[in-house]
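Chain lettering (A, B, C and D) follows the sequence in which the chains are written, and residue indices restart at 1 in each chain.
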Amino acid sequence: METEKISLGTQLFGYQLDNPIIPASGTFGFGYEFADYYDINILGSISLKGTTKEARYGNPLPRIAECPSGMINAIGLQNPGVEKVRTEELSKLKRYYSKKVIANVGGHSFEEYVYVSSAFNDSESVLAVELNVSCPNVKGGGLVFGNDPEVLGRLVKEVKKSCTKPLIVKLSPNVKDISEMAISAESNGADAISAINTLLGMRIDLKTRKPVISVGKGGYSGKGVFPVAVKMVNDIFKAVSIPIIGMGGISSSYDVIEMMMAGARCVMVGTANLIDPYACKEIIEELPITMKKLGICNLSEIVGCASI
Amino acid sequence: MKKEVLKVLSNEKLTETIFEMRLSGSSPMLPGQFVELLIPGFSLRRPFSVAEYDKGILTIIYKVMGRGTEEMTTIKKNTKIDTLTGLGRGFSLSGSEHPLLIGGGIGIAPLIYLARVLYEREKSVKILLCGRCNNDLIKQEEIGKYGEVFFATDDGSCGFKGNALEAAQSLFKQTDHYYACGPMPMLKALATNNKKGELSLEAHMGCGFGACMGCSIQTTDGPKRVCKEGPVFQAGEVIF
Amino acid sequence: METEKISLGTQLFGYQLDNPIIPASGTFGFGYEFADYYDINILGSISLKGTTKEARYGNPLPRIAECPSGMINAIGLQNPGVEKVRTEELSKLKRYYSKKVIANVGGHSFEEYVYVSSAFNDSESVLAVELNVSCPNVKGGGLVFGNDPEVLGRLVKEVKKSCTKPLIVKLSPNVKDISEMAISAESNGADAISAINTLLGMRIDLKTRKPVISVGKGGYSGKGVFPVAVKMVNDIFKAVSIPIIGMGGISSSYDVIEMMMAGARCVMVGTANLIDPYACKEIIEELPITMKKLGICNLSEIVGCASI
Amino acid sequence: MKKEVLKVLSNEKLTETIFEMRLSGSSPMLPGQFVELLIPGFSLRRPFSVAEYDKGILTIIYKVMGRGTEEMTTIKKNTKIDTLTGLGRGFSLSGSEHPLLIGGGIGIAPLIYLARVLYEREKSVKILLCGRCNNDLIKQEEIGKYGEVFFATDDGSCGFKGNALEAAQSLFKQTDHYYACGPMPMLKALATNNKKGELSLEAHMGCGFGACMGCSIQTTDGPKRVCKEGPVFQAGEVIF
């Protein structure tokens, strides 16, 4: 097989992505700072830092704890607020990135999700809105939107009423059955699923005998979550027919291919960017070589092929 | 920021818990900037201030604090280390003719390079080294070459008996600008007392180059990242 | 602090364990084979391979898949059946191990759990029965006993009626909220909780494009699950007052201490035994040295100290 | 079973995808037994049959199949490798005066040591080496020293054109016992045709020493572990 004949292209909501590699929300800032390191136009798309209605500082430090095979974060959705993101951050990014991006939306109430997700309706450079449903529902007594299929369904339906962009619902893995959640999202109008968000985890500082993270627990990500992510993406693939954006612990072109075989149409790379700022670039460069080794001409042929 | 593979030239014990590692192949670094080393077997990189830099040779001075720095002590000469260099913004180098440098414990490390550069710019440099005991006051001789050195220890085993703020009080009168690096309580005490200075802060880092918001502190000017806008901040802007 | 003054002892159901280290079920066979490698009497106790009513061969091969930081298994409860375990395996083990052990019980129906767990009533060397509730409920349509608090409560109540040994309920992490499960177990009579069992995971063979494991998915264990386990053990600690046996990814004395600070009274070591047959021995030898470094005299002082 | 740190003496390419690694410091190994190497960066150990053993020096011959064996090709001389030695039960060494050894592909590896030991015990050894093409038939010369060698290849590039069973048919008549190692379909075909032999099997392993039940096959005598009761089984007992 000739490397030249290998095609990395894929489609999402009718938009052509040059390749399936998208930096994951929260691990790539608002993108433009990575332009100092390489030409970010090579990326399929970019998922921006989670955005809320008002500016948020997030949680007290420390917000990061190391794990044997990944890390825990409890950033607490630090962001400058949707108005600034829509006006300033998006236009800064536009100077370096000519393709469309994904706006990641957080929220602590139905109203906030609806408000923030429809704030991007007129943003030309936004391909889709990605709803991060792992945030606690402050008004609903701290319950999480992301672990009750009924609540999730209502949220998706509400958001779809006013958000005109294609809607990606990003699922939390901290559930009993993720396919139940995916089905609820799909049947209430979601246009795609992304998964997985971080697993709940905790580390303790043996000297202070207290949790490393100021707020106790946080979200575990990185290589250690990969087998869980592959399994959940495959569960979702078997349950719904909308496209899936797979993520969780991807750090090489091999992982990309495995995630796609499990059912992902494209993938997001998170923690790997933090340890190696060039991770996405290296994966994109490796991908055709690995495909050749494995006899894969076209990535679309492998999506979900491992389902038994 | 650059991702570079550096080669270990030496890795020597300075005191029971403090080591000095020299690495070759580094892009230029400014005083106050830091590097991040990827230690095999660990997921996240470890950040260290540049303690000296000269023609591609970088020195860091590190204290054994946990399992990563413990592992570092076993690294042999010629080992290659995946490193991010040129991280963060360093100390301002102009603006004061009579700077005071205040280092607490391992916070002395970045002040060595700073002292040399200020000395070479013909500033009249005063340096206050603070620690729990004499053992903490590393590199006294080297630093002595760049300015007038003062000492303070909690147990009085060297110089003034007392903490950094107490020792700094009289020196503050002779300077219009200070540079401080050391434990958070020391920095807080100094900044509360005197806003005309710069502080080098530490924070647990997810990335080290501005991508994750893991290291954001609150400042009078909104949130800022220790790794990107810092690690050096104006004493007056940090909200403790 | 003198190393001699350091005490590793702990109590479980009034029985004195010399140290808190117990090999986890399924990773130490029926124990006696490890006697070829070291004197297994140094172990605090041993949790035996999961036992069912009838002998089981388990799942077809491959049953094992490697992960970046652990492994996936789908053994399918291979065991010689409770009768043989009670008579042959226990007495073989008695030749090499003079302390009491934990009988791990699997089942595919209420009846099977009840039958097997009470089969050990008269086995003197059995300290307690550990109920592995992650098995699918064959009669209940494949539903798992371990992810519905109501079903779990009924199971525990049933088993307690006839099983006279102290009952340890081993919880699955594949739930929305593990403390809910722990509370249900405690309030229905469980004498202790052990956690976590394996996380559901999947790996795909990139050459065959099919799952590595014959049955598709399996249980993920090893270092990569440690942060999840610490978090869940801490959740359970805050929810119940019966003792907790913590496990999931423990591979060093540091991990043991972290798990105890999260709330575990003793710990089980699983996957680490498979990669290094001397893992438990090494951990037991390291433990006093690490305790000394951290200024810990007595392990009981740290149980749950990290709760905030 | 012993846990030992072995030192790499050499690691050389035999063909495009097959390598030979010699390691020193190993406890005695019997033909048919295997070792498990812990390759840095991988969670599970990799099992390999002993291809030769002499006075502490162990030889394995491995084929690059995936990321672990690919990594192994980069291991340099003098590297130390955490290894479990003496795993499993080997081939029976007595019982037949006219043994036939049948190796398919990389399954030839364990037959080298077996051939030598049988030869030294003055058996009249016949060896059938099978593969897709001539390139697969490694160590022809060495094996030739220990007995009469026959070849079979799918493409006819060396010896008989055809598969192992076809090639073995005439040789079966001249032996009362065979030893086979190779791909599962080959072993199944041989065993179905002729029960008077021993098969060395492979299985994905969690441990390699009997603890996890990850490698259990079904036999006429109940489940048996490839790593403990095997990897060598009677041709008649394996349920395929």
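The rule we apply is simple: a contact is a pair of C-beta atoms (placed from the backbone, for glycine too) under 8 Å apart; a residue touches a chain by one contact, two chains touch by 3 or more.
Since the structure is predicted, the reported quantities are computational estimates derived from the model, not experimental observations.
Asker: Under the document's definition of touching, what chains do chain A and chain D have as common neighbours?
Answerer: C
Asker: Return the chains common to the contact lists of chain A and chain B.
Answerer: Common contact partners of chain A and chain B, which must touch each of the two, are absent.
Asker: List the centre-to-centre spacing of chain B and chain D in whole Å, with centres computed as mean CA coordinates.
Answerer: It comes to 58 Å between the two C-alpha centres.
Asker: Between chain A and chain C, what is the gap in Å from one C-alpha centre to the other?
Answerer: Comparing mean C-alpha positions, chain C is 34 Å from chain A.
Asker: As a quick test, compute the distance in whole Å between the mean CA positions of chain C and chain D.
Answerer: Chain centres of chain C and chain D, defined by C-alpha means, are spaced 36 Å apart.
Asker: Could you grab the centroid distance between chain B and chain C? Build each centroid from C-alpha atoms only and quote it in angstrom.
Answerer: 46
Asker: Where in chain A do residues touch two or more of the other chains?
Answerer: 65, 67-70, 207, 223, 254
Asker: Would you pick out the residues of chain B that each touch at least 2 other chains?
Answerer: Within chain B, no residue touches at least two other chains.
Asker: Which word fits how the chains touch one another: line, ring, star, complete or other?
Answerer: Graph shape, chains as nodes and touching pairs as edges: a line.
Asker: Go ahead and list every pair of chains that touch.
Answerer: According to the stated criterion, the contacting chain pairs are A-B, A-C, C-D.
Asker: Under the touch definition given earlier, write down the residues of chain B that touch chain A in their complex.
Answerer: Chain B residues touching chain A: 1, 3, 38, 42-45, 66, 84, 203-207, 209-218, 222-223, 228.
Asker: Can you name the residues of chain A that touch chain C in the complex?
Answerer: Spelled out, the residues of chain A in touch with chain C are 65, 67-70, 72, 147, 174-176, 199-204, 206-207, 209-211, 216-217, 220, 223-228, 230-231, 234, 249, 254, 257-258, 261-262, 294, 302, 305-306, 308.
Asker: Please give the residue numbers of chain C that touch chain D in the complex, ascending.
Answerer: The contact residues of chain C facing chain D are 26-29, 33-34, 36-37, 49, 57-58, 61-71, 73, 75, 78, 207, 212, 222-223, 273-278.
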